[in-house]
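Shown below is the structure under consideration.
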Amino acid sequence: MTVSILLFLPVVAAVLTLFFKNEVAKHAALFFALVELGLAISFVTGFVPNASIQYLVDLPWIPQFGIYFSAGIDGISMVMVLLTTVLVPLIILSTYEHQYKNGKALYALILFMQAGLLTVFTALDGFLFYVGWEAALIPIYFICALWGGENRIRVNIKFFIYTFAGSLFMLVAIIYLYLQTPSKLYDIHSFYELSLSLKQQNWIFWGFFIAFAIKMPIFPFHTWQPDTYTEAPTAGTMMLSGIMLKMGIYGVIRWLIPNAPNAFAYWGYYALILSVIGIVYGSVIAFRQKDGKRLVAYSSIAHVGLIAAGIFAWSVQGVQGAMIQMISHGINVVGMFFIWDIISRRLGTRDISLMGGIAKVAPKFSIAFLIIVLGTVALPLTNGFVGEFLLLKGVYNYTIVFAAVAGLTIIFGAVYMLRMYKNVMQGELNELTATFTDIKGSERLVLGIICALIIIIGVYPQPLLHLSEASVTNLIQTVSAKFTATKF
Amino acid sequence: MTSIIIISILPIVLLYLGLYKAQKALLPVAVLGLLAALVTSVLQWTILDEAQPIYNGMLLYNNFSVAFSVISIISTILILLLSKGYFEKISNHIAEYYAIILFSLAGIIVMVSYHNLTMMFIGIEIMSVSLYILAGIRKNDFASNEAALKYFLMGAFSTGFLLFGIALIYGATGTFDIDGIRDWLLNSPRKIDPLFYTGVMLIIVGLCFKVGAAPFHFWTPDVYEGAPSLITLFMSTVVKVAGFAAFLRLFSACFLPIAQFWTPVLLVITIITLFVGNITALYQQSFKRMMAFSSISHAGYLMFAIVAIGAASANAIFMYATAYSIASIIAFGGLILVRQQTGTDGFEGFNGLANKNPFLALVLTVAMLSLAGIPLTAGFIGKFYMFSGALSQYRIWLVIVAVVNAIISIFYYFRVIVAMYFRNADREQVEVPAYYKFVLGFSALATILVGVYPTVISGLIK
Amino acid sequence: MELIDLLIKIALIVVIFAISLVVAMYSTYAERKIAAFFQDRVGPNRAGPWGILQPLADGGKMFLKEEIIPTNATGFLFIVGPSLAILTACIGSAVIPWGQNLEIGGRVIPLQVTDINVGILYIFGVVSLGVYGIMIGGWASNNKYSLLGAIRAASQNISYEISMGLSIIALLMVTGTLSLGEIAKQQHGFWADGYFSWNVFKQPLGFLLFIVCAFAETNRSPFDLPECETELVGGYHTEYSSMKLGFYLFAEYINMFISSAVMATLYFGGYNFPFMDLIHSPNLVAILGVVALFAKIFLFIFFFMWVRWTIPRFRYDQLMDLGWKTLIPLAIANIVLTGIFMTIFK
Amino acid sequence: MESLTSTIQAVPLNHYIFLSAIIFSIGVMGVLLRRNAIVIFMSVELMLNSVNLLLTAFSVYRGDAAGQVFVFFIMALAAAEVAVGLAIIVMIYRNTNSIDINVLNRLKW
Amino acid sequence: MEAQSLPVNYLPIIFQMLVAMGFVVTTMFVTHKIGPKRQTKDKLTPFESGIEVVGNARTPASIKYFLVAILFVLFDVEVIFMYPWAVNFRDMGKTGMIEMFIFMATLLAGFIYVIKKKALDWD
């Protein structure tokens, strides 16, 4: 069994979904997503948690250019695949209450995007990586633009231009790397084996960095993000925040740092500073938000900043923290957006100041909300805690100051998250919130799964950490061996 | 070689069919004839690419020629299929329409297979003179008249430059044969005289005029806008492709030894072309004019292969040209349909198209994505080849300029998508005739097929 | 070239020039006489015996007439028109071989102004230029009749030029040269090696086509549409008077003379005459040759006039139809037949 | 002066080149500066003819007929262009009663 | 190979031209000088068979004339292509003939098309 089945199934599924009626399409899509999840789980069970690449597929694609359809799964990829395959059914399920116009197209696009994402996470060929990268971008553009809010056209074109611009620079970097390889291959391992001068590495570093920084997003490349999150339909926002921004992070781990180690050693410090600025910036802005969805969006900037900081610190703890935190953040942020989706669907607004006392009328909802908030603020025994602890540790080993700043920000984050919870759920019922009905059916299912995941991962993260540990360690050792320039 | 003969005789047959009022037979005969030409052309393909010059060294029908002939013929077939019912509305000389297009195609086939500057000149002129007529075929339409006159004057003007360049090169080398000129360059690099350099410069000017590269592009938008849409389509696809094929053939086979002389010139031209085309396209309110300007910027991308000349250049141009041609066919096919309904060339004519015509909107989206160079479409493969070529010569700044331009181009290509999907308008369903369905569907599939698995055609030229 | 040669050349040129003028002048007289003969009347008979001084009187009158340039006319072009017409008429004679070489005192004097190897092309060039004179004059007059006449003239001349060119091609295939001197030489005598040596026997159809075209090119009846008085008053020269009118009339007759000479040279052996090999004095042969040539020329001129007073004028559409739809296909057929014939009977 | 070739070769090649270049430049100037379509057209013809001159000169100098053959093709092309160009100009004249290219501003530059 | 003409062979043509030009100019000048000059307005108006002049003479002519002109240009150039062939006909033999016949067939195809298209019908 190779990874190709994992990549092609969603494409086929996407096409098939288009042939269903709108009402049936969501069931079909969910079915396909679950099949995909099943596949992924079977992959996990068969996975040997060492540094090797498994389930390898390697077919000629454009051989005269050294391009091969080559993909495989190592520990890092496995985590990402798991994240994707778990979240996609959840996201599809979360849309059950919506009546989307021309819904089958939405589900087809989601499935297609899943294929792109999985390609990114498993690609071992630079070209394939790029193609997957863009293949994930097109569907999300259409999802956001077709089913988005008022300003969707302007916001989405901004989003698209940003990400596309970034990715083109990445393409240039990839082609450049290819041209340096002695055997003219796009294979990632032949990229790894290159020893380029610092100047060349600088080019490559910036080519990749801009693409990934925009995707994550790192301050100051984030300006597309809050608008897009706000305007996008909830499913789109979830795809974006839950999975897509992980593409950037994964890219940094897999493509940026190993391919330009010396440039990273030179620039990593500044990248780290940018990440920390992002944490602070995201938190401060989030603190002032009235719109719940925007608040989550900015908090996401802060969290991603932390993940990025952990990676740029480039230690086993940091990267492992990033791995686990990616999953946690994915789950939490999907949950958070779903919460806000439920609220805005019931109340027609997302303005926090208009709310209050919902817990009284919707106890189940309030419990789920609370768990997700706690997960987000990284309370021990929730999933957020494991990741943030490791990340902070990684950053702490790098420089204490940044760890301190980042740590303070986490506390800060707890404040605004809890304040949000308080404002929305507690206090007096008003006219608006009195109409709130408790969650039911598919909503209950989704929130239930999310809460369960939050707690399970929080209590017992070991299997997940174990999955990626060997690969991460191996990667860090190989790359660190190449550092010639001194760190700051 | 038979294909040139078939394509030359075919229009005469069509003219006579038109004389005897066999209007119904025109399109089938034209398409069948072209298919025959296609087959004969493909049969010329050899694995080792060992074709020898024929007719006293006048023509060389090698794999390069086969590949470009094939794409030209296929594009023409698709364009002719789109013409079903189109020409009748413009003029009552339908047979002439088909015939002149095919005459032009005959010139194009010569252009992609010449081995002697004489034939290059003849090919270019057979093509151009036919196009002058085609541009003005809507006799009572002022814009069409103007397009024809401008195109004609500019075309003749550029021919002058081209010829003067050829004359000077002949003066320096004493031959029109491509190999002869190259041998002369290789054998006497020391005494290369100023005549030769001036000649090369003038040929560059002439050819840049013909392919519409800035700063010699100013006729392009007017002519493209004024000419009937189908003719514009023909000009911006087949003709442009052939122009670049001829360009490349000359520069790769002939002027390669002095590449360091002309690459800086072409580099500047490329960069200007990219920016001029893109930035002006950004401000257009008419879809047709946008396509015209964007075709200038595509000319810029195509120039990449010549600037970064090398073994892969032919393939790069071929891939890019193929992608660009089929995407343009979709775009213009869509434009013709939309225009028939709304009567406007503007972007607003596309508003809300997706609701009523999902198929049309989908294929147009594929076309726009391809033109913008998004992966999994043929356009991306084309750009990828171009970037690879340029980077392999370490022209990093050129590629960065190109990247910036690719980003700019997103704005205007996505305007169409935005209009179709995200803007609403009260509109009726556009009727899509079966011919159009076939052409558009075929082109969209080809775009995606090439985008996903480019090896299907990238092996044509080694 | 030595000075003496130069002087001889100039003398020859002047002589030929004078002869053309005289021939042209007396052609007018001949025309009137012949017309009178055909119409059974006397013709000019007042100036001199049998009216023989009539052309001189006409010429003198032309000189003394008032010169009018209409106000609406384009002055400069109005003068250029007739000048160009006569100029082109006069220079055509330069390549015609008038006779074999004379030998006087050991000096060879060719009776041809110059024998260039593109003689026929030269003739064609000059003939094509001729239409400019008419076109410019007619246009410059700014008169509707003139303009119509000019356009007709242009249209007619260019139409018949194609068939003329095509009919010559068959001849060239036979002769293999463009030099008129060479062509005349090839038609030596009258009978050689069991064949008639004159080209007319090899190219009868070609000759027929050529003579029809020659009629049209010189705007002679039945192709005198540009100046057909029943429709266009005077055609392109309606507005002309004085010597400018004289030039136009003169040009027509000189053209007739030159085209007769060309026809004689191309098809009727030029200066060659039967049994010329029996005469052993080269100079005598040369002089007799000149006489023979002029005899042929006068026959042609007579033929021109005969036709004029016999055949009615064409309608314009008939004229164009004849030119395009009859002569051109015939000329092409002639080429094809000649080609096949020559390939088979090498 | 034994042959045409040697006569032509008696004039330095550069003179032919300069002459052609000057005629060519006059043609270019005519195209760029004049506004009348016919005049522009004639300027273009001038350019073509300067090329013919140049090709012939080179051809004779090198004793290679190819140049003169090329001239034939240029002449044929010029004829075709005259035919098409005149047709276009007549068409425009009939629609606008003018052949001044300044009238042609319906399509913006 | 026939004898080449030298530039000197063209000299007499120039002489002849000069002679003719001299004749023309002299005559023109003389008639201009000796002719009477009594010009009136009526003499200087264009002749229109005695009635008042209407409009300008320079109006567009029938399109047919343009057509003839255009066709002439095309056919004349094609004819020029035949001259070198005709002169060298004997040397080229059968191949040359067949090639030129193909050329002529093409020409004829166009010619017949023009006729069938009624481009040369005057009505």
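Here the chain labels run A, B, C, D and E in written order, and each chain numbers its own residues starting at 1.
In this section, contacts are C-beta pairs under 8 Å (C-beta built on N, C-alpha and C of every residue); 3 or more make two chains touch, one makes a residue touch a chain.
This one's a predicted model, so the numbers in the text were calculated from it and none came from an experiment.
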Chain D and chain B - chains in contact with each: E
Chain labels contacting chain D and also chain E: B
Higher-contact pair (C-beta pairs counted), B-E versus A-B: A-B
Chain whose averaged C-alpha position falls nearest the assembly-wide average: B
Rounded Å distance between chain A and chain C, as computed from the means of their C-alpha atoms: 96
Inter-centroid spacing, chain E versus chain B (mean Cα positions, whole Å): 40
Cα-centroid distance, chain C relative to chain D, in whole angstrom: 32
Inter-centroid spacing, chain B versus chain A (mean Cα positions, whole Å): 42
Residues of chain D whose C-beta touches two or more other chains: 80, 87
Chain-to-chain touches, reported pairwise for every pair that qualifies: A-B, B-D, B-E, C-E, D-E
Chain B to chain E touching residues, read off their complex: 12, 15-16, 19
Chain A residues within the chain B interface of the complex: 60-65, 127, 130-131, 133-135, 138, 142, 145-146, 152-153, 157, 160-161, 164-165, 168-169, 171-172, 175-176, 178-179, 203
Residues of chain E defined as touching chain B within the complex: 106, 109, 113, 116-117
Contact set on chain C toward chain E in their complex: 1, 9-10, 13-14, 17, 62-73, 79, 83, 86-87, 90-91, 93-95, 113-118, 121-122, 139, 141-148, 151, 154-155, 158-159, 161-162, 165-166, 169-170, 172-173, 176-179, 182, 233, 238-239, 242-244, 247, 316-317, 320-321, 324-325, 328-329, 332, 335-336, 339-340, 342-343
Residue ranges of chain E touching chain D (in the complex, touch as defined): 4-8, 60, 63, 66, 69-71, 73-74, 76-78, 80-81
